[in-house]
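Here the chain labels run A, B and C in written order, and each chain numbers its own residues starting at 1.
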């Protein structure tokens, strides 16, 4: 129920609108739902409205989670060497 | 089917339903067409008919006049015919600015000139205000076939390779961006004549068939081929060229690039032996630097269907889109 | 294959021994899972069940008929693209548009304001559908329309709340689920608390995940890990976007405009407090009051077992209408309409596997 894409704020227009960039798409978004935005912030945008400011994707927490995944995968991965790591 | 809907015009399964319904009378009298982009006629010629109702009429990368010529010429090109003659029928809304009409005709004339195509016939009709949206172009093209053997999907066989001549979905994405007021730097329709590209690969004996990927995009063409040949087409998602601009636009609106219309992209089926050479020849054309081999044809299950190895290494089926492509928020 | 996805796939093979079922609640997860080909990377013992988190799929037929009736009054009815093909008794927004009625596709609630301003002589109604991710935007629209005294705009709110549906599902003992993959973007708004009852009360692992393949795989491994350790906790792997307290500002806006009411969900029946209606202070923007509509729940079309499919009780192949009266080209229930709804997705696989699943 929630297609939402990261957008980088380019310009704050007023307290309700900003110009943002999602990859190559430049669009005007509504900022009613998120406070204190500045150019350079990355926000999650759903149906034209920013719904949250995103924190960096390489957080400590996430790295730890993936470490645990790898530890369980470890035994089986060592046996099969046909996957190409991208 | 009680009445025609916009979905019937979108190039996917619903369009098939409409076409079959329309052709019934002809089929039962055995005077119906094959379902290819252009028809091969007795005497070594090809012919096509195409309609152009694009809105907006001017878009990044072209306008309706240019599109009309390219669309018709490309239908001929993919059956191995040169774009020799064109006929244009205009249906014009009362009150339409003459200057704008002249712009589109100038555009069409310039494109014809670049192709060596002659405008051989034309017609105009003016209808009351509101009866059409501005102006509709109808095109008919006719040209000499330059292949020794007829190109068509009945030639497709097990082991064949599938090639796409350029990155996909640029036209559909450009139109969607204009329609939904999204500004996308560097996104332009790929609308372009294909004959200059295609004529260099006609000599290849391993060339089975080609198709202009218009409404419904690459995905629809490949599904039609798989169904018609009753073979299994397997694609490699990572090999399919998609520009970042198209990807971004699709991400924002919730579209799948596989189904976005192209107007300057050819899908080809070729023998596996000739694939590398055909690719090399294509890539020499300035418009086809990103041409790529994207998949193969197999005999096994699922027969008549298209599957795709995804970019994360999984596998999924690719089906025809059902009706209009609609932006989603879910 | 990305190395993270490969690792997750291997981890699941190692962790999932006995057959388990995990419900992926959200329609957007269903689409992402399909498009990325994740199912082919899961061990056969891990069964993914699509839940009722598709606002299109759970829209009651009566609600659709209400919207269509407004079109017939000459009003502009604006809606997100997802809603256009959902069938009511007398057609859909798409078919009504083909018949000349003014159904308009919008990609944002703010588009509706623009339409209302551009066409002051027309009644403009926003068919507002969606869960808590989408409702705050509608709230912002209503607040702006109110502040600017826009006289020709109203909202037909069929917004629904996610936790009541999950409460109904988890209370059903016949629904044997080993885990819930929770909707990442609803959680952005609501935070963790509204979902905690799943683990704490019902002892079912519940993990909030985002929508890219890595997030989904990580979410599934986290569930499998909990299952293996005999744990049941609410976790989130989507810390990048989901704060434990959620988006307070969005919730406040939503609460200032909406009040909860009972709503009818296709497949689940009437769920208490599961819908969002405009508060009395905004009555003039409430299309139901403005046009004196009574949007009574409709009956599901005869034979349609969409509800049981939505709650994971039956596979689409067990519905008598599947592939006969109900196909993507002529859908009976919303499960088939929605691009990648359970029945739509099954339709493809069913064709491919010659009827086996």
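FYI, a contact is a pair of C-beta atoms (placed from the backbone, for glycine too) under 8 Å apart; a residue touches a chain by one contact, two chains touch by 3 or more.
No experiment lies behind these values; they were computed from the predicted model shown.
Legend note: the chain whose CA centroid lies nearest the centroid of all displayed protein CA atoms is C.
More contacting C-beta pairs link the chains of A-C than the other of the two pairs B-C and A-C. Centroids of subunit B and subunit C (each the mean of its C-alpha atoms) stand 35 Å apart. Taking each chain's centre as the mean of its C-alpha atoms, subunit A lies 21 Å from subunit C.
Across the assembly, subunit B contributes residues 254, 313, 328-330 that each touch 2 or more other chains. Counting partners per residue, subunit A has 1-3, 46-47, 83 as the residues that reach two or more other chains. Each of the following residues of subunit C touches two or more other chains: 1-2, 6, 27-28, 54-55, 80, 107, 130, 134. Only residues 3-7, 13-14, 17, 180, 253-254, 256, 301-302, 305, 307-317, 319, 322-324, 326-330 of subunit B touch subunit C when the two sit together in their complex. Remark: subunit A residues 1-3, 5, 22-27, 46-47, 83 touch subunit B in the complex. For subunit C in complex with subunit A, the residues that touch the partner chain are 1-4, 6-11, 13-15, 26-28, 53-55, 80, 107-111, 130-131, 133-134, 136-137, 140, 143-144, 183-186, 188-189, 211, 218, 221-222, 225, 237, 239-243, 247, 249-250, 253. Only residues 1-4, 16, 30, 32-35, 44, 46-49, 51-52, 54-57, 59, 61-62, 65-66, 68-70, 72-73, 75-77, 80, 83-86 of subunit A touch subunit C when the two sit together in their complex. Across the interface of their complex, subunit B is touched by residues 1-2, 5-6, 27-28, 31, 34-41, 54-56, 80-82, 84-85, 94-95, 97-99, 105, 107, 130, 134, 213, 328-329, 338-339, 348-349, 351-354 of subunit C.
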